[in-house]
Amino acid sequence: MLRVGVIGCGYWGPKLIRNFMTCSETELMWACDVDEKRLDKISSLYPGVQRTTQLDDLLADTGLDGVAIATPVNTHFPIAKACLISGKHVLVEKPLASSVQEGEELVQIARKNNLQIMCDHIFCYTGAVRKIKEVIQSATLGELLYFDSVRVNLGLFQPDVNVVWDLASHDISLVDYLVDEKPVLVSAHGVSHTNSNIENVAYLTLRYESPFIAHFHVNWLSPVKIRMTMIGGSEKMLVWNDIDEAEKIKIYDKGIKVKERDLEQRERLLVSYRSGDMHAPRVDRTEALALVVKEFADCILHKRPALTDGEAGLRVLRILEAADLSMKAGGSSAAINYA
Amino acid sequence: MLRVGVIGCGYWGPKLIRNFMTCSETELMWACDVDEKRLDKISSLYPGVQRTTQLDDLLADTGLDGVAIATPVNTHFPIAKACLISGKHVLVEKPLASSVQEGEELVQIARKNNLQIMCDHIFCYTGAVRKIKEVIQSATLGELLYFDSVRVNLGLFQPDVNVVWDLASHDISLVDYLVDEKPVLVSAHGVSHTNSNIENVAYLTLRYESPFIAHFHVNWLSPVKIRMTMIGGSEKMLVWNDIDEAEKIKIYDKGIKVKERDLEQRERLLVSYRSGDMHAPRVDRTEALALVVKEFADCILHKRPALTDGEAGLRVLRILEAADLSMKAGGSSAAINYA
Amino acid sequence: MLRVGVIGCGYWGPKLIRNFMTCSETELMWACDVDEKRLDKISSLYPGVQRTTQLDDLLADTGLDGVAIATPVNTHFPIAKACLISGKHVLVEKPLASSVQEGEELVQIARKNNLQIMCDHIFCYTGAVRKIKEVIQSATLGELLYFDSVRVNLGLFQPDVNVVWDLASHDISLVDYLVDEKPVLVSAHGVSHTNSNIENVAYLTLRYESPFIAHFHVNWLSPVKIRMTMIGGSEKMLVWNDIDEAEKIKIYDKGIKVKERDLEQRERLLVSYRSGDMHAPRVDRTEALALVVKEFADCILHKRPALTDGEAGLRVLRILEAADLSMKAGGSSAAINYA
Amino acid sequence: MLRVGVIGCGYWGPKLIRNFMTCSETELMWACDVDEKRLDKISSLYPGVQRTTQLDDLLADTGLDGVAIATPVNTHFPIAKACLISGKHVLVEKPLASSVQEGEELVQIARKNNLQIMCDHIFCYTGAVRKIKEVIQSATLGELLYFDSVRVNLGLFQPDVNVVWDLASHDISLVDYLVDEKPVLVSAHGVSHTNSNIENVAYLTLRYESPFIAHFHVNWLSPVKIRMTMIGGSEKMLVWNDIDEAEKIKIYDKGIKVKERDLEQRERLLVSYRSGDMHAPRVDRTEALALVVKEFADCILHKRPALTDGEAGLRVLRILEAADLSMKAGGSSAAINYA
């Protein structure tokens, strides 16, 4: 039984708490927040859990195995660092930290201290994405050609991070999880329609050594909510519409066959089209956060890297940071430094 | 009564012919194509129309007022030039020509000879776009913030033009028609999945002096057909789904109000959200090409520029050419040279 | 402050409890269920609420003002009767009772004892239905012509009630709430595909003195979930799609104009068609059950009939009972006895 | 080569003509209509086809093998009868005739004269329905449980037939084609909202010896167009949405398993639910009318009954006539007389 604490009880924290409560491998010891009112809510639901406004109380608890951090992004680093130094395994809400440098330091400290640091890339644990992973691994789609995602709605304007860090971080973690090849360049265009200079509409393009291309449209100012991802393959193509409760994933037996160019008919590109059935596999509905919590427990108990470990969180940060650079440079490609 | 001929009787030509036949201001004199079989089809439907495989027959017909050109893109220039020189008004299928240089020459010849040159930017004549123009002009949307278009399907791979010239040319002409401000930079990413080096997936971003941004996703390799445009405004937002036969245009009373930043609460961005009714105006269903044909006749008869005149066609070419440059340069921004 | 108890803590009871807890006019005193495990769950969430497996504990509590009953249908009558006799106001989950006779007795006892009996016709309290009521009352739709509802999905087969009592009871309560005219006949067809003789697919038609017609399709064996209601009016028509989160209600400016018959053109029916804009009003998202609970408190405090009082529950029972009769008679119309 | 004529050149006739022109087994000899203007249109398109306003011209043409009749319903009988008597095979637009008596006479005359009489039940020839037939025949759905169809829109009010004869005739022919068991009773409710007494909203229920049930909702006064059919089976269920161009047919691996009733737990119905993948087979897009025309030619050439022969047309009439009876009797079941 893993003894854990949750730091930050705003929006995401209570969900983590609920899942730690029902997970058979974890025991929730602490709820921590600077706001007593938030703690009151937790206490009314779970009177047995210790509460505190002082992070030090958790750091000092030598019986505590791990913590989950669900605080504002700019506090991820100091809190996670303190927890790691005091010997706690750490689960951090995405993104892992505010910069690559911070992320690297966290990963190093964790490695040195033999501790797990895991990033809560929540979508990687949904039934839809687990099914997509299975489909890709089974080579059903053939060679991957492109990954296109639209993640837009009238969204919460964040005060400290832009729409890329807020929304595209999800898509970046998904591409990282689903696609073996790693991007080398990122090009991003973003605009701000407030006087904050925080981008609220942005387009990201990831370029790879191969012709594979990934593109994300993220937007806090869309009148409609769209959560749609298309993955084109040489054999089949997949559409994931996360808003369609009944048929989240559709796999289309559609594509082209490129033939050798006929020498005598130079003008004609020899492409033939294929259009067949569509298949919508059943998608498991287990709450993703329940699996995140279980993965955190399992990776600690079995001393193995988590599915979305610190390295994964760090790769996402590298792309986010390069995207910011590119946006500031008007869309010029920025190299992703895997150093 | 305007006497016209149609050059090119493949896919688009027969539609032009049908509309010239039913237009009360035009009389169709000639059908011209290098392929006799195509002419046979025209003759069986319209035995009274003269047919020829020789462009010269039309050039020599001094009673002919105008021609419509629906041939492959790389033949637009020589054919249009010959027709203009022989004194015919010209309607050209989009895009106007293969390059800015060609387009400029055509516009100059037309001007010198006091002839109309008009480009068949078909979507500008649809009921949906005419309604959108009306909505924008009435200031219903407020200040325009962004224009986002997705135009994807399992499409015909063209042998001589890429997906940008084929599909994004529509969106470029629409932005040109709907938005007063003109873009200054274009950034484009495209990839080819055949051995032709002709891009079949591409993303274009248009940047303006203001924070307004336009973005187009065009794709010949999508398993699903999407024709969806979002126009964000400071007051309302509009979604045009061209595939939705019943409700093509939806106008959302949604948005944000940006407040003055509170000095004491620097961390908080003061944004309030507004969410109201949605309105789907009735959209006129007149065939767009009937209006194109009528506009061609009217601009000749009234000696006034066409709604989508040569200059409009030329502005589209400037952006297409810059987009090609940007794609070849890996997405670096290319200036749009308005000369 | 109204002191209330909840009887039955299965599916619906805990929702009632949560809403009584947050309602500013009620204080939850008791949770009652025959199953201790269910009570354990309630206790863990709300340790301050008294729990019991004995209805008598509530009956004996003279400080208790009212109870909400969320037990199986066939127990509604004895429990509600006992509560009314002991002087408690009563809120009953729909349907009010198992038969008209039971319902009449409950209403009589309540009236005699000056107590409220209210039926939890939940849909009447949703934002969508409140908006529809407003639209109908404003005469926007003109004269009502028909009401058509489809309420189907792969549903829970109930052991004691058929699909009509389970699902059509919602639609019957809606028609009762929204339409002034009351039906005089009901015709119902139902079939059972299990060996239980409990109908799982059924069609109900309500006939009125006027040509207005109401029809409901209810089905526990549908592969897709549909919750769609169309209300046709002489001026406009309304579609309520409860599954569409973004646009639940659409009002269409569509219809026909019936002209006087031309005597000379007897063969032609003179009807002209009208097709205009569509309007989707914003729908309030307050939880319906919160409003049910508030209505229960208010009708008691202000000594006025509830929006969905015992009489309304009784009218629904009259139609349900007639529908059962009609189904057993192979669809023959059964008179609705308002006695 | 079969020599044919088309009688009636209003809405459907020109479509028949176009298909007879392109069918390799037929040669179109005559176009016949009382309205010269309609014939002018045909002549402009097909100058080689003989035209006439006199049915007698066709009757007298001994070289003519067959005719297709696309005239108002109440003229089907006299025209078809005259054609059969003069030795022509006959294809009649649905419904076959205005009454069972007329239909029986036509079928008898055809049989006596060794001629084909075929009814144009167009939907039976669509790719969607042919695929559904294949799915049912392969026993994929298991035992059929119900057939539910909604066919509504703001439709053309017909002057001589009600919405049942106009729209439900399609559904009746489909059930006749797809389901082996034949219905024994029909119950129908219809109302008229004009002063014509012609029903414009109607609900039909077909009852069978088995618990299988079929139900149709037809409506000329719906603000939205719906063409949706659900077929429930004991193994799988099928939804046919004819308006969804991309995915017309969806087959759901969903259902219930009914278990033996547990004696000790009498109150509980033992049903378990199954929910699996969805499959949308590719649907052939051949124009249905091309296959109707081909079937007409083939059944004549091979002297075999047509897929939708006179008997099929007659079975549809029997149900339509019983439905009218039931509507006039307020929905009371009417026996279908297969005499």
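When the chains are written out, they are named A, B, C and D in that same order, and each has its own residue count from 1.
Following the convention adopted for this analysis, a contact is a pair of C-beta atoms (placed from the backbone, for glycine too) under 8 Å apart; a residue touches a chain by one contact, two chains touch by 3 or more.
Given the structure is predicted, the values throughout are model-derived calculations rather than measurements.
Engineer: Taking each chain's centre as the mean of its CA atoms, which one is most distant from subunit A?
Structural biologist: D
Engineer: Which pair, B-D or A-D, has more C-beta contacts?
Structural biologist: A-D
Engineer: Hey, how far is the Cα centre of subunit B from the one of subunit D, in Å?
Structural biologist: The computed centroid separation for subunit B versus subunit D comes out at 43 Å.
Engineer: Nearest whole angstrom, what separates the Cα centre of subunit A from the Cα centre of subunit B?
Structural biologist: A distance of 38 Å separates the two centres.
Engineer: Whole-Å distance, subunit A centre to subunit D centre, using C-alpha means?
Structural biologist: The mean C-alpha positions of subunit A and subunit D differ by 53 Å.
Engineer: Could you list the positions in subunit D whose residues touch two or more of the other chains?
Structural biologist: Correct list: 224, 250, 275.
Engineer: Given the complex with subunit A, which residues does subunit B contribute to the contact?
Structural biologist: 145-146, 148, 150, 152, 154, 157-160, 185, 187, 189, 191-196, 198, 201, 203, 205, 207, 211-213, 215, 217, 219, 221-224, 230, 232, 234, 236-239, 250, 252, 254-256, 258, 261, 267-269, 271, 273, 275, 330-333
Engineer: Where on subunit C does subunit B make contact in their complex?
Structural biologist: 247, 253, 275-282
Engineer: For the complex, which residues does subunit A have touching subunit C?
Structural biologist: Contact set of subunit A toward subunit C: 45, 47, 224-225, 246.
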